[in-house]
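Consider the two complexes below, in which chain A is the common component and chain B and chain C are the respective partners.
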Partner chain A sequence: MTITTIDAMILDRLHAILDEDGAVLTNKSSRFNRARVPAPFPVHRWEEFIPDVVVLPRTTEHVAQIVRLANEFAIPIVPRAGGTGLADGAVPMRGGIVVDIKRMDQIKEIDLVNNTVTVGPGINMQTLNRSLKPHGVIYPDDPASYACALVGGRIGTSGLSLLGARYGHTRDLVISFEIVTPTGEVIEVGDGGGRKIRKSSTGYHLKHLFMGHQGTLGIVTEATLELVPRAEAEFAAFFLFEDYDTAYRTFANLAKSGLATLGGVMMFDPEKVDYLRRDDEAYIIQPEWVKAVCAASLFGTKIEVEAAAPKVMELGRSLGGRYIGDEIASGDWAARHDRYANPLHGRDKNGNVTPMSWHCEDAAIPYSEVPAVLRKWHTIARKYCDQYDIFDDWGAFQYTNGAHKPWADVLVEIDMGLWEDRMDEESWQAFVSLKREIAQVAIDHGGSMSSCHGATRAGDAELVPTEMGASWEVMKTIKRALDPNNVMNPGKQSLDEAYRKVTR
Partner chain B sequence: MTSDEHPPTDAAVGLGTPKRLGEAEQSFVDTWHENATGCFSSGHKFCREVCPVTQVTRNENHTPTAFHSNVIALEKGHLDVEDVADDYVHCTQCGGCEVRCPNTLMVGDFYRARTQTVKVVRAMRALMVDKGLDRENWKIWNRLTNELKNEPVLGVTGDQPNGQAQVRDWAQGLDIPIGGDTILFVDCEAAYYRTSIPRATAQILQLAGYEFGLMNEQWCCGGPAAEMGYVEQSMRFARHNIDDWRKSDVKRIIAIEPHDYVHFTEDYPSYFGDEFDFEVVQIIDLVAELIRDGRLKLTTPIERVVTYHDPCRLNKRKGIHEAPREILRAIPGLTFKDVDRVTQWSYCSGGGGGLPIEKPEITAEISRRRLEKAAELQVDTLVSACVWSERPLSAAGDDIGIDVKDIIELVAESAGIEIGGRTRP
Partner chain C sequence: MSSEYRFGRFVPTEQGPPEPQRITEQVIQRFEHVFEVDPAAMGTHFHQQQMPNWDTKRIVAARSDHLDAVHHEFADEVILAGEGPDSGPASSQLPPQASSTTHMARATD
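Right, the complex of A and B next:
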């Protein structure tokens, strides 16, 4: 086990590396504010997740020297970008050094000839796109957290873009990146070599090894990203259904349409519609018969989108779906990021309104398995709601998961409300076991327990070996080889197992 | 997360054991718990990238999220006021975080609910003053304000001509009466530093035949004191001013400055309740109306290529963004390159909330970035409507050759007025 020993000598070394006022932070507010990511959080145990020191580097060389220092003295080191991840990836489990990379937010090169932009990992996508706008291009990584997530965190979690069907997800849109490995070497990883090369047949494709590393294999210090032409036209249509099954089949018809401009297909299940109806202030009233919603978006040139839009309307209505109307369709789609905010209240068992935090459990599920998974998930949710009066089932939504191939696997998320003010150790453990049961269902049905959040929060983390199966051994071998002292974000994804002595 | 794997740490600063709260802290926590929970329990941080201070410092301590999170940490006894005092200095009280908060956006339309961050910052600063943890430069500023009855905008050292004796010097030769139904309230920065603005304002109103007077004895509005946490001083100054208005039977106050407008429409009513029955008019709304009604004719072409800086307190705090655009479009000769008000949620001059007094280097950098945005539009002039923004913006503009003008100055020029006064000492 890694032991934290941050003493005056280490702090002196950090000060010498960074040589800037306010770049090495040991005060309590700096540390408490970097102990958490979005809720829920075991706030009754906040003090267990406090880093000993926070550093704010500006350059790759800074990061490399800090990592070498941590490795030399076996000090835990945790990279932190936006801190907006939903799976505690950036939460330090064992104190140590938090490397907050927000100051590495420069745009280093806009290459309009090769359609790339090279940035520091601390830049936000919306901010980046404002700078790209005059050039007629966009970096189309579009998560719900578009306004706050940072490029480094997107790589760390291998995020999902709401426009992924059209433009790809983070791993498709990041062409190559520079990463400081756990022993402090600076390497560039892509498909093969070449910072701006999108496809290679040379060597191992290391980009994919480090993509979604959850801070366990290093700290990203620079990334070269895809630039695509700004869409001339955008179209979104929402359809209303009397039952889940018709909406589910319509989802497939849209996803399998073969329309190249398809940005994504989304749907809400009856529990989600119920929840919006009862507790969402921003919900625009729909008739009582509405039990499910399915929506699709298109992005591209005017000539493509105008031709494809009637096809979306036809498919959306083909099984009896009713179009919601232009105003709500365009408004709801435009609000896709802000709708990330759920109402901050839910209901207790007696239907009383209670203040609640939002938790979102994601998984990637084969299309054929989605209805069965959702039935099991809601059964599990109901069990916990009955047993602990601090949970509320806020319904599920699904989203096309495959980059450029929207027709098969599906991102499925169930939203749960948690009465966090009432959280104690017993209910926290109940939450963890709720998560574990939900994750196990995903694995049982041939899915992956996380499509985009990461399997780093308790409840998921224990199941990583199960999901990885025989390849878990390879994963441990890689981790041990790259991080011999287990300094890089230790305690995540059950990777401590890589360091356990084997008895023969 | 599992707890059993966390070994004891040997941190440079110990975490200590959770403390019991004192009375003042308990009251602060009780007041702000629910508001803070709304943020803490989601933790989206949509506010971070619009926050002008965070854009510069890139330090999570300075984010609105941290300001709310600290309330919870205080409540749990993990942090105390001293631990967080410096963090809460890093705020211009622009309100960008509040309008960008998804909680505000998604429930605000329906319930007029708004995540409150500016008030949290002000309440924390008041706690800091109570505990003697207020910042040194703020202490000096507010002590001098207390002595002079106006802010020491011309400098905090040596003798400066900015006391009560000089409070109406800007109006020399304009023949403005004392008292009347309507009072022109002239902000300290405008009265002593950028005197061209009150002169332009007064002459526009005179030209349009709009009657107004000045106060018997105008003290600082008290707003800056409130922003920095000196609540008692703020209330005392407010009391003086409304007594002065009452003495002259005043009905209407024209606020020529957005900070004053916020203070008169939010703080004064909260200090005085029903006793505060004055009508408060923002000069931009009034001038737009005078132009619209044909009472003010803009005939002199202003051959400038301009963009407009939405002052935070007008746009983000009070939702005033149409009137200034209407005014600019009415000025002949002007080429106006607009940037929409929502994009400008993330723009600021850094001139508010006491930031330039305590952290001038951050203010300067915020202004530099604002001028950089203006330069991308290839304009020769940045137009603002807030005198407090114009000092740091002008300094940044000087460096890249962009003029900074007040919208009222442009209106006056276009109305053929010889303004007089000065834009800097």
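Right, the complex of A and C next:
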């Protein structure tokens, strides 16, 4: 277990490794600001999550030396990219060293012949695409956090892209990457051995092991990414429904249409529509008869998108859906990153507007199970909202989850507001309990409790063994083999269990 | 960058916001298609302030700029269906449609 206190000797060693002013930070603001991420946080216990020191390396060798030092003294290490995750992957559970990779933000190579770009993990996708646009290509990894998430964090979480049905998600768009293992070795992982190879049958495909590791299996130091021809055209259409069931069936009609240019299909449930009516920062008028919304987007060449758009209109209306109109449709689609930009608020029991932080459960659910899951989730949410005046149900949306497979499973997110400033230990434990109940429903219905954020938080982490089933033992074996001293992001995903001695 | 006088020449006497018009139980508007959560519901936990008209216009324009930028980030051209909104059910009337560039100019402390 990692227990070493960081003293002057350790700090001197870190300074010697990084040898740059401002690369080793011990001041309060640098450490406090890296204690949390946007997800709801127990502010009443802030001090438990503050790291001892923050380091900002620039090279792979820096990172490797830092990790080796951590192993030498059994110091916890927590990799941190943008800190925009929603499952506490970058939250230090035991102090230690936060390795902030934002200075590793270089574009190292743009290869327009093989359609790859090689970058440091600290680069943001929007910044990267600014350099790529003059070449007519794009790296189309498009989360809601597009403007602030970093490539390294996207790999750490195996993120979901809102254009995933068309271009794939992070795991499909990252071809290979370099990673410093928990013992300080530098390895490259991909499909086979070639950095720019997309498909191979040589060896074990270790890229998939390290993709989505939540910072528990190493620190990414370089990545080679797909370059996709820029879309000539996009199209988005929103359809309004008088009931959820019709919207749900229309979702399937669109998702299974066979249209190759589908970027994604999305749905809002009645509780989400109610929330949008009262508290959406980009409010649009929703008549009372609107109970659900279904939308689809297309991306591709102009001839493809122009040909497919009428089919989307036909399918959206096929069961009675009503088109929202051009002006609102295009604006609503462009507003898909809003949740990372807008100040959020909810309501207390008296209907007063209160400042709230945003929590979302992000389960992956088989399409057939979605209505039942939503009914149970809202029942759970209502129970906690009734009991505690710090929760607010902001409804749920559904999104096509399969990379290149819009007909596949569904990302189902219930959004809840939490009045963090009013939380105490009792209400925090209630939040953890709420999360656990919601996650259990996802597992009970053949789903995964996390499509894209990770299952690293209390409320999810204790259910990782349940969801993994028999492969939990394999997961622990791998963790123990790669990280014998449990220095790499300890305390996440219940993986401390890998180090407990079994009493026979 | 904004064109000269994009938000109108600043005239101090013209900065007081107009009286609100109620849209729903929860929402008011002072400018066409610029919606706000009813300040009466905000006051318990958010101090209220009067936003000068120039600032409201700036925020709305910034929202429009942002939406345009997101479109152009991922595609060269936005294709539209070329249609307005469908009629609602016979039992209800759709209110006038709002611009997609509306932004809730919310008075906050």
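Assorted remarks:
Throughout what follows, the second predicted complex is superposed on the first by the 497 of 504 C-alpha atoms of A that agree within 3 Å, B and C clash if a C-alpha of one lies under 4 Å from a C-alpha of the other, contacts with A are read in each partner's own complex, and residues count from 1 in each chain.
Throughout what follows, contacts are C-beta pairs under 8 Å (C-beta built on N, C-alpha and C of every residue); 3 or more make two chains touch, one makes a residue touch a chain.
All values derive from a computational prediction rather than experimental measurement.
Within the superposed three-chain model, A:305 lies in touch with chain C and out of touch with chain B [touch as defined at top]. Of the two partner chains, chain B is the only one touched by A:49; chain C is not.
Using the contact criterion defined above for the overlaid structures, shared-chain residue A:248 touches neither chain B nor chain C, since it reaches no partner. When both complexes are overlaid on chain A, the residue A:355 reaches chain B and chain C alike. Of the two partner chains placed by superposition, only chain C is touched by A:289; chain B is not.
In the superposition on chain A, contact is made by A:327 with chain C only, not with chain B.
By the touch criterion defined above, A:126 reaches both chain B and chain C. Once chain A of one complex is fitted onto chain A of the other, the partner contacts of A:32 are limited to chain B, with no touch recorded for chain C. Within the superposed three-chain model, A:431 lies out of touch with both chain B and chain C [touch as defined at top]. The wider contact with chain A, measured as residues touched, comes from B rather than the other of chain B and chain C.
Shared contact residues of chain A, touching chain B in one structure and chain C in the other: 126, 281-282, 335, 337, 341, 343, 355.
Across the complex, chain C meets chain A through its residues 23-24, 26-27, 35, 37, 41-46, 63, 66-68, 70-71, 73-89, 91-104, 106, 108. For chain B in complex with chain A, the residues that touch the partner chain are 1-3, 5-7, 9-13, 15, 18, 34, 37-38, 40-46, 48-49, 57-61, 65-66, 69-70, 72-73, 76, 78-79, 83-84, 87, 100-103, 105-107, 109-111, 343, 376. Those residues of chain A lying in contact with chain C across their complex are 126, 129, 138, 140, 142, 146, 163, 230-235, 237, 240, 242, 277-285, 287-289, 298-299, 302, 305-306, 309, 313, 317, 322-332, 334-337, 341, 343, 345, 347-348, 350-355. Of all residues in chain A, only 1, 3-8, 11, 22, 25-34, 36-43, 45-50, 52-53, 56, 82-84, 88, 91, 93-95, 100, 102-103, 105, 122, 124, 126-127, 130, 134, 145, 147-148, 281-282, 335, 337-344, 355-358, 420-421, 457-458, 491, 496 touch chain B in the complex they form.
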